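In the two assemblies presented below, chain A is common to both, partnered first by chain B and then by chain C.
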Partner chain A sequence: MTGRADAPRRSRFTRRKLVPYLFVLPNMVVFGLFTIWPAINGFNISFYDSANGRTFRPVGTDNYHRILGNDEFWTVARHTIVFVVGFVVASTVLATVLALLLNGQKRGRGALSAAYFLPVVVSPVVVGLIWNAALQRQTGLVNSVVSALGFGQPAWLIDPNLALISVILVGVWVHLGFYTMIMLSGLQSIDSSVNEAATIDGAGTWQKIRLITLPLLRPTTMVVITLATIAGFQAFDFIFTLTGGGPVGATTLIIQYIYENGFTPPIAYGLASAAAVILFLVIFAVTFLNYLVGRRTEAM
Partner chain B sequence: MTARLEEPPRVVAPPTTRWASTSGKTPSVGAIARTTVLIVGAIIVVAPLVWAGLSSFKSQAELAAQPPTLYPHDFTFDNYTTGLAAFDFPRYLLNSTIVTVAATLLTLLINSMAAYALAKYNFRGRDLLFLITLSAIMIPLQVILLPIYQVVSSLGMTNSLLGLIIPPAATPTGVFLLRQYMLTLPDETIEAARIDGAGEFRIFWQVVLPLCRPALAVLAIFSVIWRWNDFLWPLIVAQDESVQTLPVAIARFAGQQAIPFSQILAVSVMSIIPVIIVFLILQRHIISGLVKGAVK
Partner chain C sequence: MLIRSRSLATAVAGVLALALTAGCAPGPLEQSDSPSGPVTVDFGSFKGKRMTYLYFTDGPDLDATKAAIGRFEQATGATVELQVVPYAELQRSLQARITGDTVPEVARVQDWHPYAGELLDFTDYFGKSYPDEFTDGAVSTTRDDAGHMYAVPSDQTINGPFVNVDAFAKAGVPVPTATTKWTWPEFVDAASKVAAANDMPSAISVDVSGNRLSTVLSQYGTTLIGADGQEGLDPAKAEQALSMVNDLLQQDKISKDFWLGAGTNYKGGNDAFLAQQAPVYLSGPWQVGAFAKSAPFKWAAVPNPCAAECGGFPGAKMMVAFSRSKEPTLGAAFVQWMNRTENQREIDQAAYWLPTRKDLVASGVQYPTHNEDMNTFISQIDETPAVGFKAISSPAFTGAALALIKEFGKVVAGQESVADCVANLEKEIDQIVKASK
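Up next, the complex of A and B:
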């Protein structure tokens, strides 16, 4: 840039220095106002309580004392953890298997991928309504298959344990296509010569998958696990129309707890904001842990 | 006859080549098993959607049938006509369309501007801004729901479409994705435009953005899916019916005791058809965009 030092006036030079800031400005204003500032303020408001969401009074660490002694919160926390673990494990395993199968498939791969990806684009609210119909005990599609296979008519949405399992299964159904495509992208970035060399050395398909593909796929797997963990903690919209959090709170997860305490009467703003901070810390810790594990496995 | 015995028998391509088109060999047991598993899996995944679509043409009585029917035996459009009479579909469709289009354009504009500065300029604070953007990918909007709502309400943007369009527009994922793509653009192109005397914004608009079309397309598609399907944020901000989007309006419609499920189903099916059509048209680009490392 000094090559043009003979011509430029000083104002031109300072303008040039300002340019990058002008480019980032619009994004950072929106981002700062609606993400960064609220994220910081979130900690602040967790030390206030409000019965109506308009007038606030400072309560110190009261909200945290109350929420940690709140049975309902612990029930919600337990269900959320069961959901997240079930959801992350099931979607990661299924996405890996599907990606391996799709990667080997030449004919019709495009159409098959599209089919698996389709649920990703469907509105979660509608997903909940459709699966609510499909999981009905006597009029649902699922039980007409299940009972034909001789397993009777499980009460998917009525039995509390089955309801949580149903919510996990529907969550997996929603996100599986997305994670599968990420896994597929990881698989396709693996150098094919490694596998060819193994074939020449006489390795079988299963041996190649277990000893070559899966270890090389580990960074991608960590990406999927991280994304799935965050998505799991966020799960709300499809559950809202699938079970509404029921039966008797069996599928009320943390976001619904925050939403209901923060926005629907009777408002317990303090509990909601403390729960949000706890959730934030948990997501942060888990993501950091995933990152560390990813680092370790990359180093190995 | 004997003379011909020396000739090797002609290899006739087996009729089953259709199965393994690339190699032309007879498919192995493994290949058949794999294809079968994939097809069965795809049917399981798509079945609920197809069943719901077909069910929306069933009569109310048939919807209550035990066991359920697979396809409508007496085909009827009643659910759609009564559903549209009870549910102001055009209004919510308009709201959803305005929010989706405006938010996506805004996202593409401000994300790409920020990404360009982060990728192609050296300036004080750049690394810090990038780090903050990266760490914000971890902060889902759901987690900071209450404080964002406070900001939006103090700006007077509740119960307005602006409150649905602006807050989620500065997606960190979009900035990240576009920055990574812009890093691969050669600096020489930008330098050449500069020597030709083009202004900085003109270079961005006429040189950089056209080169980023593939990455912009991926972000646009995702933004459309996100904004069209958004639920929790609009549920809180758009309490007034006049500004509700389709998901919020449908959830409210479904929550009313007096509304028969047949109508809810018809309205739901109508609401997902636009996205499904867009997806089916663009699916090749969406999936290849994703698989070709939009994630890296």
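Up next, the complex of A and C:
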């Protein structure tokens, strides 16, 4: 008798456990097919050589040796690190400042938020083309203003150092609205009574920001830093149309390096896959580090 | 602790799964080429069949090609889907389709080597004497050392300059005739005077292309790949040639912004010439049709400037058929049909292409207009050193030309001396040649 009574209970229990998984199943199937499987396949290809992506020759860890011994890879890695650091720092600082300003805004906050968010919805390819036209040395909109102010005609896209700075600034312009919205939602989740109490205790605006707002905003800041780091490592589309990776490779970042090895003859799919695996490991390590730092700060 | 052990176990399982996956090949392993042999082509058997032709266009050739395709469809009852892609995207597009096993039957390309192993040998379909129908220079770019013909040359190109005749007239600078021999200093001097008189920002516009830069190397008596198929740069001559071009870029006689702004991509200088930003444009006959249609000023093709040598630098456009396509025989037949005397003549006339067939070269092609300009280009073929034709038929040329653009870019950006550039190029080309064997 006990066994029969247990059977419907067990089946109900099993169903209750299974149902949530069934709900996420369609998404997981798509995710598995188009993200997980290609990632595993990419890892696999990194141990082979192929000039056409159709037939393969096993080469062991040769692709990794070739990449790590290649000067061009290290140059690209250096540019990528400079870009990521510049992009993450500028994005986080500016997003925090903008969010603070927007949060203090009594009127027009919605319109201003929409204005800052606008670049996020523009196609990155179009962003690259627009800024390419705007940053031209002799005919660009930016230099017509800069030269009118008496600063000459900086070669934004031609000088290797300026080009990397231009790419960082355009990258920040594209993503800033998104990060600002995250920061703004973080600010709005801070209990207003904490600030009110501080005001009663005589704290000034800067003291409130420094001693209350920024510490309470730390979890949100960590999210923005993590997202910006991943976006920074993955930056490619707008750079490709803005500078094409030039001048002389000064703005060629890791994704373009992978793309060119994988899709521009002479094709080296194995080498491109090995570079992609290295990129994955770096992003994973940095994200994990962010996570650990975030947990430690939360515990403090 | 339990959670940590589980995470560890999951991580270990993941790593093991990846390691196991790495043990299985991601696709079929490479094998030696499958044997091929004579194939009979019956033009009456294609009725109802479909094929794809992947094409890039320089302008007016597109309509001429469409018309020729229409005639082919009428003659055979087959359907040809013409897919047009930008030239800069051609190689990537084709490569992606090879990888995805969705190759077109036929493609128009400028070098068959990147697709070696995927192509039909036309001598299997049309006999060992088929290559003899084409000029030696053109056919040399389509065959391998064993004599297999993996492409059919559809048009010959030769680099050479265009001048803005109206701008020259305004500056009072005489336009060179087809027989003029002028040196690089004379050429630059004339272009600079005309640019100054017409308020043009640059004296010379040029495509950012390793093939175009090879023209200057050839005029100074050296090439990236030598007649023996090995790295062929003469360091002293290469330094002279590249120093001269670099000086022009540093003085902005050739737009430095344009050159460096191209990144690693090919970039055409035709827009600057058409917009009258430069009175001289170094390019080739494939621009004639487009200029005839859209240039808002009078222009002319003129002889190349000379240094140690005269002439331009050759190039070729060719048609290839893919062995793994759905209708390979139809593809081969289409390529052969498009390059029959009557069809090539009609396309050449409409598109302002230089013929590759011996019979057409012998009889000459009458173009509707601009015959003089086309003849100027044809005269440049004879002036060009023979080693140039050998160089472009090398499987290493495309890679070497790309290396030239990358390395020379560092000189233009002030990151490297010309001497270092040439020394690095020699090493890189040597590796590219070895890798291409």
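Criterion: the second predicted complex is superposed on the first by the 275 of 300 C-alpha atoms of A that agree within 3 Å, B and C clash if a C-alpha of one lies under 4 Å from a C-alpha of the other, contacts with A are read in each partner's own complex, and residues count from 1 in each chain.
Just so we're on the same page, contacts are C-beta pairs under 8 Å (C-beta built on N, C-alpha and C of every residue); 3 or more make two chains touch, one makes a residue touch a chain.
Note that the structure is predicted; figures quoted are calculated from it, not measured.
Participant: Have a look at where A:263 lands relative to chain B and chain C in the superposition and call it first, second, both or neither.
Facilitator: In the superposition, A:263 touches chain B and chain C alike.
Participant: If we overlay the two complexes on their shared chain A, which of chain B and chain C does A:45 touch? Say first, second, both or neither.
Facilitator: A:45: touches chain B and chain C.
Participant: Once the shared chain is lined up, is A:276 touching chain B (first), chain C (second), both, or neither of them?
Facilitator: Only chain B is touched by A:276; chain C is not.
Participant: More residues of chain A are touched by which chain, chain B or chain C?
Facilitator: B
Participant: Would you check which partner chain A:24 touches, where first means chain B only, second means chain C only, and both and neither mean what they say?
Facilitator: A:24: touches chain B, not chain C.
Participant: Could you say whether A:204 touches chain B, chain C, both of them, or neither, answering first, second, both or neither?
Facilitator: neither
Participant: Of the partners chain B and chain C, which touch A:223 in the superposed model: first, second, both, neither?
Facilitator: After superposition on chain A, A:223 lies in contact with chain B alone.
Participant: Going by the contact rule set out at the top, does A:246 touch chain B (first), chain C (second), both, or neither?
Facilitator: A:246 contacts chain C only, not chain B.
Participant: Should A:215 be classified as contacting the first partner (chain B), the second (chain C), both, or neither?
Facilitator: A:215 sits against neither chain B nor chain C.
Participant: For chain A, which residues lie in the overlap of the chain B contacts and the chain C contacts?
Facilitator: Common to the two interfaces on chain A: residues 41, 45, 138, 263, 269.
Participant: Tell me, which parts of chain A touch chain C in their complex?
Facilitator: Checking each residue of chain A against chain C gives 40-41, 43-45, 47-48, 50-58, 132, 136-138, 155, 157-158, 160, 243-252, 260, 263-267, 269.
Participant: Which residues of chain A touch chain B once you look at their complex with the stated criterion?
Facilitator: Residues 16-17, 19-21, 23-24, 26-28, 30-31, 33-39, 41-42, 45, 98, 101-102, 104-108, 110, 112-126, 129-131, 133-134, 138-141, 143-144, 147, 173, 176-178, 181-182, 184-185, 188-189, 205, 223, 230, 233-234, 236-237, 240-241, 255, 258-259, 262-263, 269, 272-273, 276, 279-280, 283-284, 287.
Participant: In their complex, what parts of chain B are in touch with chain A?
Facilitator: 18-22, 30-31, 34-35, 37-39, 41-42, 45-49, 51-52, 55, 63-68, 109-111, 113-114, 116-118, 121-123, 126, 129, 132-133, 136, 138-152, 166-170, 172, 175, 200, 204, 225, 228-229, 231-232, 235-236, 246-248, 250-251, 254, 261, 264-265, 268-269, 271-272, 275-276, 278-280, 283-284, 286-287, 290-296
Participant: Touching residues of chain C toward chain A in the complex: what are they?
Facilitator: Going by the criterion above, the answer is residues 17-18, 21-22, 24-31, 91-92, 95-96, 98-101, 114, 117-118, 201, 256-257, 260-265, 398-399, 406, 409-410, 412-413, 415, 435.
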